[in-house]
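Okay, so chain A shows up in both of these, paired with chain B first and chain C after.
Let's turn to the complex of A and B:
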């Protein structure tokens, strides 16, 4: 196919523009966080770490970070466990109402978070479970389990189904086969799922805001600062949040894809 | 597979946890929300009842319907913009980029999807402000300043922050899976480039594109951050209505009515879209 040079350049420029739009807010947040101006604009003010030292010395921010770390790590473990069980069931078994079964786990992300937030708030306060850190963990594990399930299912898809049968034939019980064949095979996907679900939970604000009561997580703290006024502290916290979740997402992808490429070559 | 026992403990271990968990913390909350839409609020306390008063109150108010149609409109509009803006980029990534470059692009585009939307919105707030970065840049070339915050434009920029990466990813993956020989065949038979897109590429990627548009719509329809912070909530969308009704005044039952109306709308649109997406084209076997 003969390809037009100018059209290639124009398309490349267009793709670059789209990427600029998508990444501009992330980059600007980083730049603003190191900028002395209270209301950042161009030309930029001087370089300053004022906002970072401010949040560093703010006990509220520390408490929020601690809460977020607890919530996202617990969510990651619960969601990944649930996701693994479901992915394995989907991989191994066929049964009646399987469609319904899968819908049960895959549906939550399609429902707007604000609706989940309201429903969770009403239900958890009815059960007397709202306003606690673990109320957020309960809610987040429902929201993130589908991601865990998808990642682990993807990995199981690459496994030769005969592998399990071979292990049985060699005298392994189902439990031993799970322990020595399937779990090791899924290990990279499990690590990847832990990272990804932690990242989603770490960033989620709507449900956390509704059910957390006084236990603010980082995004809820940001939400409350932003409601007040323009405060460049948000950029500093935001940069920290970006770095955390980006690290988690990149780790997740590295674990998932590097093994995939190896196993295919 | 081993012979089926009457109770297979091993199978149940993997099957049951999610059923219990989702019944307790997903189906339970959603059904309970439907239930409370019939409860009544007396002296700021919610009491169990079965009355239609909340439904009647909400659905007879014009502010509810204004908000309903506005949300429907702005979410569809922004989903269309996302799809159109994404298309040339996705096309370039699918057909002109090398496999390695495309994988890198998708890898990068996945990242913002999992990073704080709230902080990105706040960043837009600073960029789009009257004395913000964008107006300062436009000022250098003698334009502006434009009012971009607290407008529909602001809302749509916020929605696009959420949906554009997703639209590009889904479109790219869809088009990259098209059999390239079909496109070459069309070109060899004398089909012009634009006609090739219209008559070969688009029909072949119909399913993926409808799913992509549906996701863009769902995400915009349910988001309260963009219309609240960038759109100034002058015209409240349904999510803002839920937020206001829940947070101020403890009117959970009325918020539940709004939420249920939103879910019904989403389900209707999702089912229609999915039916369209998987419908066989006319004349095909």
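Let's turn to the complex of A and C:
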């Protein structure tokens, strides 16, 4: 028993260290964003919201935030729709080369981002589609649809396969069944997928930087600030981006797991 | 006789190279409680799913109410099914589950609510109407599933092993609920099960299926007392099956020689010839047991091997001189009166009228 307790304490310590390692930079960014000094040095200066008011009054930052909001929300809708359709196809139908179909769908996240970004730029500019907001939406949808598909597929696999047939049996057409049975059943996974794909898109830098042209998203704007000079504004924006993404990811988890617990009770 | 509600004509269902149902011919009559029974993979569930339109036959025709149904989609039929898994919608309350079919049919909100509550009341579960179905017990879910199908006021209800997930006490209770409902509503029930006790307890007629074919159709009593063939005789169990050769055929008895001795049986409805190989069956509960040899009739001497108690009924296992195993079923009280010892030699006897010759040997 005693040995067990020691190893438990060691394990807890290890986990705590991992969290410190991951979150320390973010925490420092938060601390320095509220520091009056221009350079990130210790000892700290006084508490200040100067950098936040600076970005609040910066039209460039606002434009970037608006762009990011548009891109991530549109991406979330497009990717989740695509993800749902592919997951449902996998759930409902059996066909030749289904393994290949699934492999192709899950391929995008395995390609290095920089290569993906270059390829996107080359392809979209060849088609005359680069440099627009919706070029980023297009590229991000490709990038995040596999995540949406994975989340929704997981949910569909938890569904009693008789449920759909039961709805037909009670007089529901295929569309009615989709609307009144499949979609409500998948609702938690769909909301979760919307949050998660929005978070990924909101954070994504490489692809955005390549295909965005003059329509900067927040991560691209951050890079430009950092390239210019050392500016604590970056800490403020970084904190904002982190909080937004974190909120979305936590929401995604809450939707996915609260329903699962309920349906298992 | 009125036209049957359902007819299967030479129906075949094939999945790739597996034949689930072949050359099925069956009539189902309006208002009857029909049980389809067989072991798993015999085609009983496929037959039911074809009625619901969830599978379409690869050959033959299925008519319901005189209409050819082969290509009619499931949602265009009036054949609600009670699923083995129940298949209740987990994100809806009990009442919403019952309302589902009416909603799909476009019944107006207040009306469907009223009808759903009526049925929940009738099934004695109105207090759970607004509860999520996941929070209900097995028996309560079962009642919601029944209400969900019956609220559609169908001419025919399909049931796919609906009681298999319940414990034994509840099964008996639900059997009562089902037979009462069927009598009250006067609609046709088609009930698929692997359980002989469920089928025999509830059904007017029982269909026994084996390897995609019908082995026998008849009342529970017919099937129990006069199994048509060896498969049914073995499936029903608690039967003594003896094989031999036909000697002589009279107008009221057939004499058969077997390794255990010579016996007489009732002449069957089908044609037989003397000299042909045959088998006959005697139910275990129609065999009498005595300490001394009875006069005349069918009798054989055997040694008691073992006993098996099921409540007040006891099954004795005995062996004749040629090594054939006999089963005898009787009340425990009768057995006590006989006062037998182990390894004791006794006489088994039965009347020719209780010996049925099996078709196909």
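Keep this in mind: the second predicted complex is superposed on the first by the 258 of 265 C-alpha atoms of A that agree within 3 Å, B and C clash if a C-alpha of one lies under 4 Å from a C-alpha of the other, contacts with A are read in each partner's own complex, and residues count from 1 in each chain.
Here is the rule we go by: a residue touches a chain if its C-beta (ideal position, glycine included) is under 8 Å from a C-beta of that chain, and two chains touch if they have at least 3 such contacts.
Since the structure is predicted, the reported quantities are computational estimates derived from the model, not experimental observations.
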{"item": "Combined model on chain A where chain B meets chain C, clash or fit", "value": "fit"}
{"item": "Partner chain(s) touched by A:26 [first = chain B, second = chain C, both, neither]", "value": "first"}
{"item": "Contacts of A:176 with chain B and chain C, given as first, second, both or neither", "value": "second"}
{"item": "First, second, both or neither for A:185, with chain B first and chain C second", "value": "second"}
{"item": "Touched chain A residues, chain B compared with chain C", "value": "B"}
{"item": "Which superposed partner A:246 touches (first chain B, second chain C, both, neither)", "value": "first"}
{"item": "Chain B versus chain C as contact partner of A:168, first or second or both or neither", "value": "both"}
{"item": "Contacts of A:82 with chain B and chain C, given as first, second, both or neither", "value": "first"}
{"item": "Inter-centroid angle chain B-chain A-chain C after superposition on A [Cα, multiple of 10°]", "value": "100"}
{"item": "Partner chain in contact with A:199 - chain B first, chain C second, else both or neither", "value": "first"}
{"item": "Superposed arrangement (fit on chain A Cα atoms) - minimum chain B/chain C Cα distance in Å", "value": "5"}
{"item": "Chain B and chain C footprints on chain A, overlapping residues", "value": "165, 168, 174"}
{"item": "List of chain A residues in touch with chain B within their complex", "value": "1, 3, 8, 11-12, 14-15, 18-19, 21-26, 28-29, 32, 39-43, 81-82, 85-86, 88-89, 92-93, 95, 101, 104-105, 107-108, 110-116, 118-124, 126, 138-139, 141-142, 145, 165, 168, 174-175, 196, 199-200, 203, 205-206, 210, 219, 222-223, 226, 230, 234-235, 237-238, 241-242, 245-246, 248-250, 253, 257"}
{"item": "Residue ranges of chain B touching chain A (in the complex, touch as defined)", "value": "1-2, 10-11, 13-15, 17-19, 21-22, 25-30, 32-33, 36, 85-86, 88-89, 91-93, 96, 105, 107-112, 114-127, 129, 131-133, 135-137, 160-161, 164-165, 168, 184, 187, 218, 221-224, 229, 239, 242-243, 246, 252, 255-256, 259, 262-263, 266, 270"}
{"item": "Chain A contact footprint on chain C (complex, rising order)", "value": "52, 54, 73-75, 79-81, 83, 85, 87, 89-91, 100-101, 103-105, 134-135, 148-149, 152"}
{"item": "Chain A - residues contacting chain C, complex", "value": "160, 162-163, 165-174, 176-177, 180-181, 184-185, 187, 262-263, 265"}
